[in-house]
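Please find the structures below.
In the two complexes that follow, subunit A is the common piece, with subunit B as its partner first and subunit C second.
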Partner chain A sequence: MNLFRPILRTLFAAAFVTSAGFSHAADPLTIGAIEILSGPNAKYGVAIKQGFDLGVEEINAAGGVRGAPLAIAYEDSAGSKEQAINAARQLIGRAKVPLLLGPTLSTEMFAVGPIANQRQTPIIGTSTTAIGVTDIGPFVFRTSLPEADVIPGTLRAARDKLGVKKVAVLYGRDDAFTKSAYDVMKTALADLGFEVLTTETFGAKDTDFSAQLTKIASLHPDAIVISALADAGAGILLAKQALGLPQNVRAIGGNGMNSPKVLEIAGPAADGLLVGSPWFVGKSDPLNVKFIEAYRAKYGSDPDQFAAQAYDTIKIAARALNEARDLSGDAIRDALLKTKFEGVMGAFAFTPDRSPAVVSGVLVLEVAGGKFAILK
Partner chain B sequence: MLLQQIINGIVAGSAYALFALGFTLTFGVLKIVNLTYGFYFSAGAYLALFATLHGAPITLALPFAAIAAGFIAVFLDSALLSRLRRQQAPELASLMVTLGATLFLYTGMTALIGSEIQRFPLGLIESAPFRFNGASISLTQIAIVMTAGLLAAGLIGVLRATRTGLAMRAMAENPQAGELMGIDTGAIMRRVSFLCGAIAGASGVLIGLEHNAITPYMGETMALKGFAVIILGGLGDVGGALIAGLLIGLLEALTAGYISSIYKDAVGFLLLVLTLWARPFGLFGRASVRRA
Partner chain C sequence: MPAALDDFLWTYQSLIASLGVNGLLALSMYVVLAIGQLSLGQAAFMGVGAYASALLSLHTGLPFPLELAAAMLIPAAFALAIGAPTLRLSGVYLALATIGLGELLRIFLIQSDFTGGALGLSGIPAKAGFTLIYGCLAAATLALMLITRSRIGRAMEAIREDETAAAVSGVDLPRYKMTALVVSAMLAGLAGALNAHASSFIGPNDYGFDAAVTILSYALLGGVGSPFGSLAGALVLTLLPEILRPLQDFRLVVNGAIIVVAVLYMPHGLIPWRPLRIGARP
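This part shows the complex of A and B:
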């Protein structure tokens, strides 16, 4: 067994070297990533992987990390907590990676984070926005702006730019994500001085929202603040149109409605919808333009928010790995906390609580003519 | 707002009733709670979606989906239940077979076409609602209400006034006696299965159109409500299902509008519990006679 281990390890590492230029060079420095690469939510994980891979390519072209090429060992969680836990045990225990990226969903992070934390292996979520993710422990980081930062920005823009004062709230009462976003909305609405006319709810499997919206319509709000996943969100927009609520009564959504799926299902009924987003494909700063060109050249399609977050994250991770005094969990953790970075999402640093420190990058998007555009 | 909430309630209630009509008929004649019924509902919606994506107008896609769902129902019924029926297996065995089959079918459908929500193409049916007195109703909603009413009336007519209906009622009463009287019970069962599958399929299309949300599990969600409706209306009672559906729909809309949307789903089931407590055979059910 001992005889074979070095051979196996070399094979394992060689399999994950992404840059051909280093095929003869030193052993790569391999970090782990747990993402949803199969199943119904694979679109998120695949976008993230593409963002990582593009970043790794650029990092290795610029000399790699600590004199070695950087490589990522991927494990598929398929969106299941159990599979994500097994992946983390494999990557930390057997592959002995110094750093983990992912997992894709907040619920997976709540399962995997404690394991990484206990083994003192830093873990960075790129798409985990729920409340409490970084409270798991001192080795759990995230680079995605939490809902608690994105939603207030959206509501402030609605108040200042569109003169929204009186709102009705509609949220999914039996889903952890939509309920958590609702809690953020409730606090933000109070802080920003909105008048809340009514708060209505729906169930995760509901497809009929007419009773709630009829009541909301009778109260004549300026806007409806909605915490829903894409499918229910689209259904609400369609019902809002069918009941004849005026176009100028805006719908304001959380991150769940920041999805092309909403536009696809709701069609013209989505026009006027406002959502907050940490990134947007139409952002015209030079770093973002360069990223989009490189992404299109490599994959032949436009990146989404998840690819952009992953691209910035791998660069942040590479910088921290370079700066760390050694590859122990503590050293990498300290280096991550000190890292300052300018990426496609804007300026980036971690707070002492290991979440993004800078929230100026929040963009408010408006749906117009069936497309997302930056709200002017 | 009251007028609109009453419209919302009647539309939602008609949708429940439309779904429940076939469900209750299956029970009345075949005497089993056939849980695959929810699958016919999902299958109907997907068949029509498939047809419309290939350019068929809804006037063609709807009957196509209904007929295809009817044949699926005949096939599944004979594959799953005819053997159990021949052996006169206990009702619980039939229930478990349909439960297992329906989970298998939903999962298979998800594996085949994915769990992502889909919708009929935009502009398939006029979506601009009719408005009057500050309330609005869409063409699809009118179609759901009309179909539910006409179908219930039609079913009652068939059961009361035709030879097939007489045979169905005889089978509901006592299949052995019916067979001895010269009724081809196998043929009647196939007809009932076809009819139920077609009703489920058509209601899947109409409700899928109304909510713009087609998913493999849409039938499962609907089956829970449908269950409440047929028990409330009296198992096997077509007219009872129509009235119970409308009652639950109206109660839900008025609860959401005037009390709180938190209780919207609970109120239908509360009504069910209270009704069964006071009238164990449903609102219109009679203890000794099984009606079809």
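This part shows the complex of A and C:
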């Protein structure tokens, strides 16, 4: 019996502590999140979820929102529009969440946005960069800088700092993301007075880009503007090196090329690549340093831009939920529009069109020695 | 309507709509399988119907019934063009040609700016309500049921079991095969149009090879003895992922396991019984 007594005592104490914990904590305030947590694009959704979870932990440590802890109900969309729609309808119709975060892809947002809008539930995309996302309706927000802000900034830096004038364009035609980024590039190239020598395309599953690059090489451009996802983008960089295009012909990428994976696959061939990014792991401001430390401590790896955007977004959402006069869609919407926030991506506020208002946070990164660094 | 029921219907609106649409797709697959042919073009026929009706909705003010008619007739024309050469051959040629049709359609949709390229079409008006979708499904089921019970149904089953014997018994093989393919294309096109007008957003990758195989699996899981078999297959395969949603990470595993068990232990499908024929002794 002597042996059991300490165990019993511990159990008793544990039971007491948990029940006390339950009786004191108010019901959590639950918001919904729809992200890709399984399937080939899960790497984006999981990074976003980790950013949210870290943010929620810090918010709850600081007292939660409206006197209750904040909680997120996650639904997996697996990257499919139908599942994203079903998830949104569940979260809004059954779980009655006051606010939705996500979904991961712009194509999913085009399917889910109208539903949230119909029920007047604010929805905030953290990674939806395509044109027209916030045109869906007055309850659709995004905290990710649209391509229309990031890409022109990158091109302008290439023109002003590197003297790029003549470019060739190469884009993935059968993917909604790369096609949408190409549309932005086309407009920006025209606006900034670049001479476009040729525009070539490839398919998402292509692995051989030598035909397009041979043609591009014969035209002697100053740079190649590429809209591709990480895998294809790295393949293009490798082919560019293999075909002997000179090193000083720069590759300029869209958001899809802003990935550590490109460096991993392309290795030294990635040197000289320019990308625009809303965030950079090497940014040295104290908020960012603190975020990276906390993220490393919790997950044992470096955050990427998706985690950083998610981390800022959950804080913005928490602030708006605190400020809102009640939890109706209209009140939260008004509060979001008024929220001013200083986060790891820099100063943040929404425009009246519900996109990020401050675009000074766009960083132009250059790959040098196998690492991203801010272009000087 | 009480608020709780209203919320329930709203929450499951797209699921209820896709149950009806997938039911129509399963029937369209049934029509081809019922005469022993294999088509992998149901998704392409659906895509043609969806894009045709969506483009009509976005660019013209045609009445919706006319758009639905177009969404059935255009895939039917594709079916005629594909069926004419391939149905003369026996074996896998129809399957091959219909896979080709699906790929051609996908590549065309991606390249063409008129169809929105890789971004697809969005903002399609929500004209297809439950009544219309389930009305179409009920009408199609009833029609197919009557056909299955009739002389035509008997001829179809004869073709499925033994083409040569059926031909010797005086069944007009080419006519039956062509009719089945055209009817199946029309049903798939109708399903596509209803789907486009229920979900408001379509893209070129919705109608690829994956979708074709999913549609085939409705009919195979449910059984091709009667139209109800394919309907049951569509019902199960559409509902299962949603019912298993609480399992989170294990959802796809359990979903797959249930299907494997069903196929192993119910080789003739969930509903193996054949309908009584008119004039047959029970």
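One rule holds for everything that comes next: the second predicted complex is superposed on the first by the 353 of 376 C-alpha atoms of A that agree within 3 Å, B and C clash if a C-alpha of one lies under 4 Å from a C-alpha of the other, contacts with A are read in each partner's own complex, and residues count from 1 in each chain.
The rule is simple: a contact is a pair of C-beta atoms (placed from the backbone, for glycine too) under 8 Å apart; a residue touches a chain by one contact, two chains touch by 3 or more.
Note that the structure is predicted; figures quoted are calculated from it, not measured.
> Applying the document's definition of touch, where does A:244 land relative to subunit B and subunit C: first, second, both, or neither?
A:244 sits against subunit B, while subunit C stays out of touch.
> Contact-wise, after the overlay, does A:186 reach subunit B, subunit C, both or neither (first, second, both, neither)?
Neither partner.
> Considering only the touch criterion stated at the top, classify A:66 as touching first (subunit B), second (subunit C), both, or neither.
A:66: touches no partner chain.
> Using the touch definition from the top, say if A:173 reaches subunit B (first), subunit C (second), both or neither.
both
> Output check: A:261 vs subunit B and subunit C. Expected answer is one of first, second, both, neither. What do you get?
first
> Between subunit B (first) and subunit C (second), which does A:94 come into contact with in this model arrangement: first, second, both, or neither?
Touch partner of A:94: subunit C, not subunit B.
> Applying the document's definition of touch, where does A:76 land relative to subunit B and subunit C: first, second, both, or neither?
After superposition on chain A, A:76 lies in contact with subunit C alone.
> Looking at A:205, would you say it contacts subunit B, subunit C, both, or neither? Reply first, second, both or neither.
So A:205 only meets subunit B here.
> Report, in rising order, the residues of subunit A that make contact with subunit B in one complex and with subunit C in the other.
173
> Any idea which subunit B residues touch subunit A in the complex?
That would be residues 1, 4-5, 8-9, 11-12, 15, 114-117, 119, 122, 127, 129, 131, 136, 138, 207, 211-213, 215, 217-218, 221, 252-253, 255-257, 260-262, 264-265 of subunit B.
> Can you tell me which positions in subunit A touch subunit C when the two form their complex?
By the definition above, subunit A touches subunit C via 37-38, 75-76, 81-83, 85-86, 89-90, 92-94, 107, 110-111, 114, 119, 130, 173-176, 178-180.
> Over in the complex, which subunit C residues touch subunit A? Could you list them?
Touch residues, subunit C against subunit A: 7-8, 10-15, 18, 110-111, 117-120, 122, 199-201, 203-204, 206, 241-242, 245, 248-249, 251-252.
> Please output the residues of subunit A touching subunit B within their complex, sorted ascending.
40, 173, 200-203, 205, 207-208, 210-212, 214-215, 217-218, 230-231, 234-235, 238, 241-244, 261, 264-268
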